[in-house]
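Take a look at the structures listed below.
One chain, subunit A, appears in both complexes that follow, with subunit B as partner in the first and subunit C in the second.
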Partner chain A sequence: MIEFVNSVANGVLIGLLYALVAMGFVVIYRASKVFNFAQGELIVFSAFLMWAVVIDRQLPLWIGLPVTFIGAAICGYVLDRLFLSRLVGESVFSMVMITVGLLILMRGLIIIIWGAETRAFPVVFPLRPVIVGDIIMSQALVIGGVITIVLAFGLSWFFNHTRTGLALTAVSEDQQVALSLGISVRKSMSLAWIIGALISAIAACVYLSGRSLNLHAADIAFAALPVALLAGLESITGLIVAGALVGVAQSLAQYYLDPWLGLNIASVVPFILILLILLIRPSGLFGWKTIERV
Partner chain B sequence: MTSAARSDGNMQGLPSPALLELKNIEAMYNGIVLAVKGISLAVRQGGCTALLGGNGAGKSTTLKAISGILLAENGEVNSGEIVFGGERISGVVADRIVRRGISHVMEGRRPLSHLTVEQNLVAGGSTLKSGAEARQRIEYVYQTIPRLADLRKRTAGYLSGGEQQMMVIGRGLMSKPKLMLLDEPSLGLAPKITEDIFALLATLRSDGLSLLIVEQNTRAALKIADTAYVMETGRIVMEGSAEEIASNEDVREFYLGLDKEGKRKSFREVKHYRRRKRWLG
Partner chain C sequence: MRFNRRTFGLAVALATGTITIPAFAQEKTYNVALFSDFSGPFANIMRPVHAGREAVFAWWNAEVGKDLGVQIGTRTYDTRYDAAQAASLWPGILSELNPLIIGSTGSTDIAALSQRLPEDKVVMMAVGGATHAGWVDDSWVFFPRATYAHEYGGFLNWFYETQGRSEPIRVGLVGSQQALLTVDLHDGIQAFISENPDKAAMVDVIWDAPQPTDLTAPMRRMVNAGAEVIFVNSNTATVVATKRALQALGANIPIVTSSHNSLPTAGQTLGGLDQVEGDFEVYGMAVATEDATGPAREFYDLLASEYGLEAPWGVLTLQGIAQAILSVRSIEAAINAYGPDDLTGEKVREVLITETAVGNMGVIPDFSFTADATFPTEGATVNIGTVRDGRYTTAASDVPLANVKRW
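And then the complex of A and B:
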């Protein structure tokens, strides 16, 4: 029983990390209807930036964190300006292809700038685990989970109640209408990319704190994909529930199925979920359904 | 050209100067399709101009050319000039044009359907300087269109067509426009609701807002307008005061469905080839 509780608790935490990564997808998707395949590379980029400042240059964390966040924001802005904002009004397909190109380009650039070796990521959150009764949890993931929940509600409030946020939401619903209301689609997209890049910097800290860093860290974006799909690509608070579901499913599979089957089925669980979601409910649990009045 | 056409076309004798002027505009989509072939029209300060015509005449494209939305649809104004309040606005991007005081209420209502009425209004106020100004403006919109105040928390996508049309007009008012472009405000609405919408437009006009209305409901549009233009396949074929247009024999036959004695006649009896011969020959 205690193993079950432990699996569930840690599953929820992993799921919340996925939700945090997925939040980056969702923010960018809402503004531009573009599914950003380079989201994982944004995470790796911020992670290497952090490594360069804190480990390589031996600067303290309180300098490293702001530098990473500012660097990530600039990176998001530049990517949007250079590649995506030129394509406003073009087909979404060409924009998505651009993000696939960005994925390859950023991988190359990261290798050129920082090399392909595995590096140590600084310890952002204390390494000591959080122990509640018999449940043992990673402190980074617990703090990360809290950050995810706060961020989800904060962003959701921002998108539904502030003028800037509602302008972004208007862009995500109907770009032409947004234009007719005097909302600049280009500026909104830039803002979305900046927010998306900042979220990936936070995700990098939570995910990699005290762990080793190499290009494979980008794979977490693909594990987070089913969370974004399950939540429905538009809902931000829905990510919390979707994240928890995917995380728990993966964690239980790891604990119960893997020893029984003798293979690592857990790492495939998110992708099986993608197929199921797309087959059964493509708009996700909380996504916008097309409102049709009859 | 018919007798009514061109006789009063240059706007002379009207009391106030032109707020918006289109001079020989040509608009294209994708660099190939010429949708508007050199049209000129004017809306005077505080006036109401109706732009009439059948499907595919280029009316919506004309409005999109004015508001700059054409640029976002792979279209462009490739010759001619659009002047608003004495300044050239052709080629200016859509969000700047809204800031200059033109609000475009698009065809088919287009509410932000997952947001509430109030959220729609807030989104419409993005160009205002402060949140306080936006709140004031929302109060103004609720005063002008009281129905919206009752609906403020309702999801826009589930409103009735008439309510949605009122909401998008209210949303268009948020940016404090001097001129409102309305594309088929009566589209798909019951006659009674259409009356309400046009009554609302008349109120807005008496508050000093200038209007340029594109309509297929010729009767309703001519009732509120002071000037009217008739478009056919990208060209203006007739222009004049609303009374002149309303009493023109061809307009009465082709758009109002009336025969010579003023009785309603079936559109089945309208000979379309005659329209083509008279106007485009």
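And then the complex of A and C:
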């Protein structure tokens, strides 16, 4: 029984990490209806920035963290200004294709700037595990889980109760209408990209603390994809539930099904889960239902 | 005729033999295609591997090829450890370069091209340990080392004897099913265990992504299953995740890595060699410890001092050197057997099968391929590296390979 509880607890924490990564997708999507395929590369960019400051330059963490966050924010702003904001009023498909191009561009730039070698990522959170009875959990994931929940409720409040947040939502609804209402679409999109990039920097710290860093760290974005789709792409707090569901399903599958089948079935389980749920609820668990008046 | 000072100096130098006019125009040039992974899952280890092999070709051209009237040209292609990439690039490479040999990055290149190499008449020289791809009939893929199962099996035999065991060693394995070499090791070790149930038993296997998120929960299952050694044969990220999970669980179980995910690389990423204290690495190649002496170290020093090798003395550099030395020696043997003109991949393959691979500069032992295996099983041995008291050192040398039946 304790093994089951342990797997569930660790699954929830991994799921919350996925939710944190997925939050970057959702924030950008909510403000622009663009699904950012380069979200994983934003994580890797922030992580390499952190490595460059703390490990390569040997500067303390209290300098490395703000430099990383400022660098990530600038990166988000520049990407939006250079590529996305020029497409205001164009089709969403064009914008999505731009993010696919960004994925390739950023991978190339990261290799050119920092190389493809595996690096040591700084220890941001203590390595000592959290032990509750017989349950052993990674301290980085526990702290990351708390950050995810706080951030989810904070951003949800921001989007639903502040003037700026509501403006972002209006932009995602219809850019032409938002412009006619006097909302600056370009500023709104820049803000969304800055927030998305900042979330990526936080996710990098939680995910990679005390571990290894290379280009493949970006793959976590694909692991987080089912969480974003399951939550419904618009719901930020819904990511917590979706993340926990995916994480637990994956963890239990890895613990019980993988050894039984002799396969890595756990990597497929989130996608099976999402297919099943989308069959019943195409807009995801908490996604907005669009009602069109004819 | 008027001579200026520079022309006069040149004439004197030529007359005294201080410099020689390159005879490239009269030399025959054969090509080798060097597949590389500069942006894929093994990009982190590619630089030293590639530097090692390029230096060997430069050395051979200058010190051996010149006398034989042959030069080896190389061209590098980024196949990204991706079978689709290798398959799509290959027709162009074949028509453009017409290579005798492909220096491969590993399993994905083999999966992409092994079926068509007999028709294309091009030998593929693998890097690192072999997979069961070397156990098919009429293979054109050759390996400088035995299969990972032979090597890890050799480790199990050694561990069993040095520990004075009477009970089977309880083995765990961590890997990714996206890395074919890990799957191959799993299948091969299962074959070894079925032949040697008194020596080893597989108690648990963890399959995860190439960059695992957190292995604490599944590792707990492995620890509870009583694993005594854990084989980790995929990339450095998996080694790091395994060590972090074991540290979180407070479990002191030695892990066993190979050359591509060696202890120095993993230790550096984890924050120091002390993090991999008591762990092992096993492979059929010289162990690049700091205090190493002998022919492999002397050869490396020669390449570094004379042929521009900038990669550090380390297992990854040796891995590239091993691939290249077997390649140039096979071309050399083919020249000796058939003459320098009209060499083909077929002739190179012929000498690889029929002759003993010698002159490997101590990087890999001298060995023979057998008719049914294009990897060394006769004459080859493995070396075992470890970290003891914070120092990277050799735990055992020339340990016999395990006998593993074809799986």
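Convention: the second predicted complex is superposed on the first by the 283 of 294 C-alpha atoms of A that agree within 3 Å, B and C clash if a C-alpha of one lies under 4 Å from a C-alpha of the other, contacts with A are read in each partner's own complex, and residues count from 1 in each chain.
In this section, a residue touches a chain if its C-beta (ideal position, glycine included) is under 8 Å from a C-beta of that chain, and two chains touch if they have at least 3 such contacts.
Since the structure is predicted, the reported quantities are computational estimates derived from the model, not experimental observations.
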| task | Using the superposition on subunit A, decide if subunit B and subunit C clash or fit. | result | fit
| field | Partner chain in contact with A:Ser180 - subunit B first, subunit C second, else both or neither | value | first
| query | First (subunit B), second (subunit C), both or neither: which does A:Met50 touch? | reply | neither
| request: State whether A:Gly210 touches subunit B only (first), subunit C only (second), both chains, or neither. | output: second
| said: Once chain A of both complexes is superposed, is A:Val124 in touch with subunit B (first), subunit C (second), both, or neither? | reply: neither
| message | Between subunit B and subunit C, which one contacts more residues of subunit A in the superposed model? | response | C
| task | Return first, second, both or neither, reflecting whether A:Thr169 touches subunit B, subunit C, both chains, or no partner chain. | result | first
| said: For A:Ile220, using the defined touch cut-off, is the partner it touches subunit B, subunit C, both, or neither? Pick first, second, both or neither. | reply: second
| said: Quick test of understanding: once the structures are aligned on A, what is the angle at the Cα centre of subunit A formed with subunit B and subunit C, as a multiple of 10 degrees? | reply: 140
| note | Least Cα-Cα separation in the three-chain superposition, subunit B to subunit C, whole Å, stands at 36
| query | Considering the complex alone, what residue numbers of subunit C touch subunit A? | reply | 38-39, 41, 43-47, 176-177, 204-211, 213-214, 216-218, 220-221, 224, 235-237, 240-241, 244, 247-249, 265, 268-271
| query | Within the complex, which stretch of subunit A touches subunit B? | reply | 88-89, 160, 163-164, 166-167, 169-170, 173-185, 288, 291, 293
| task | Over in the complex, which subunit A residues touch subunit C? Could you list them? | result | 3, 6-7, 10-11, 13-14, 17, 107-108, 111, 115-120, 123, 127, 129, 136-138, 141, 207, 210-212, 214-217, 219-220, 223, 251, 254-255, 258-259, 262-264, 266-267
| query | Which subunit B residues qualify as touching subunit A in the complex? | reply | 67-69, 71-74, 93-95, 97-99, 103-106, 110, 112-115, 119, 122-127, 131, 134, 155, 157-158, 161, 171-172, 174-175
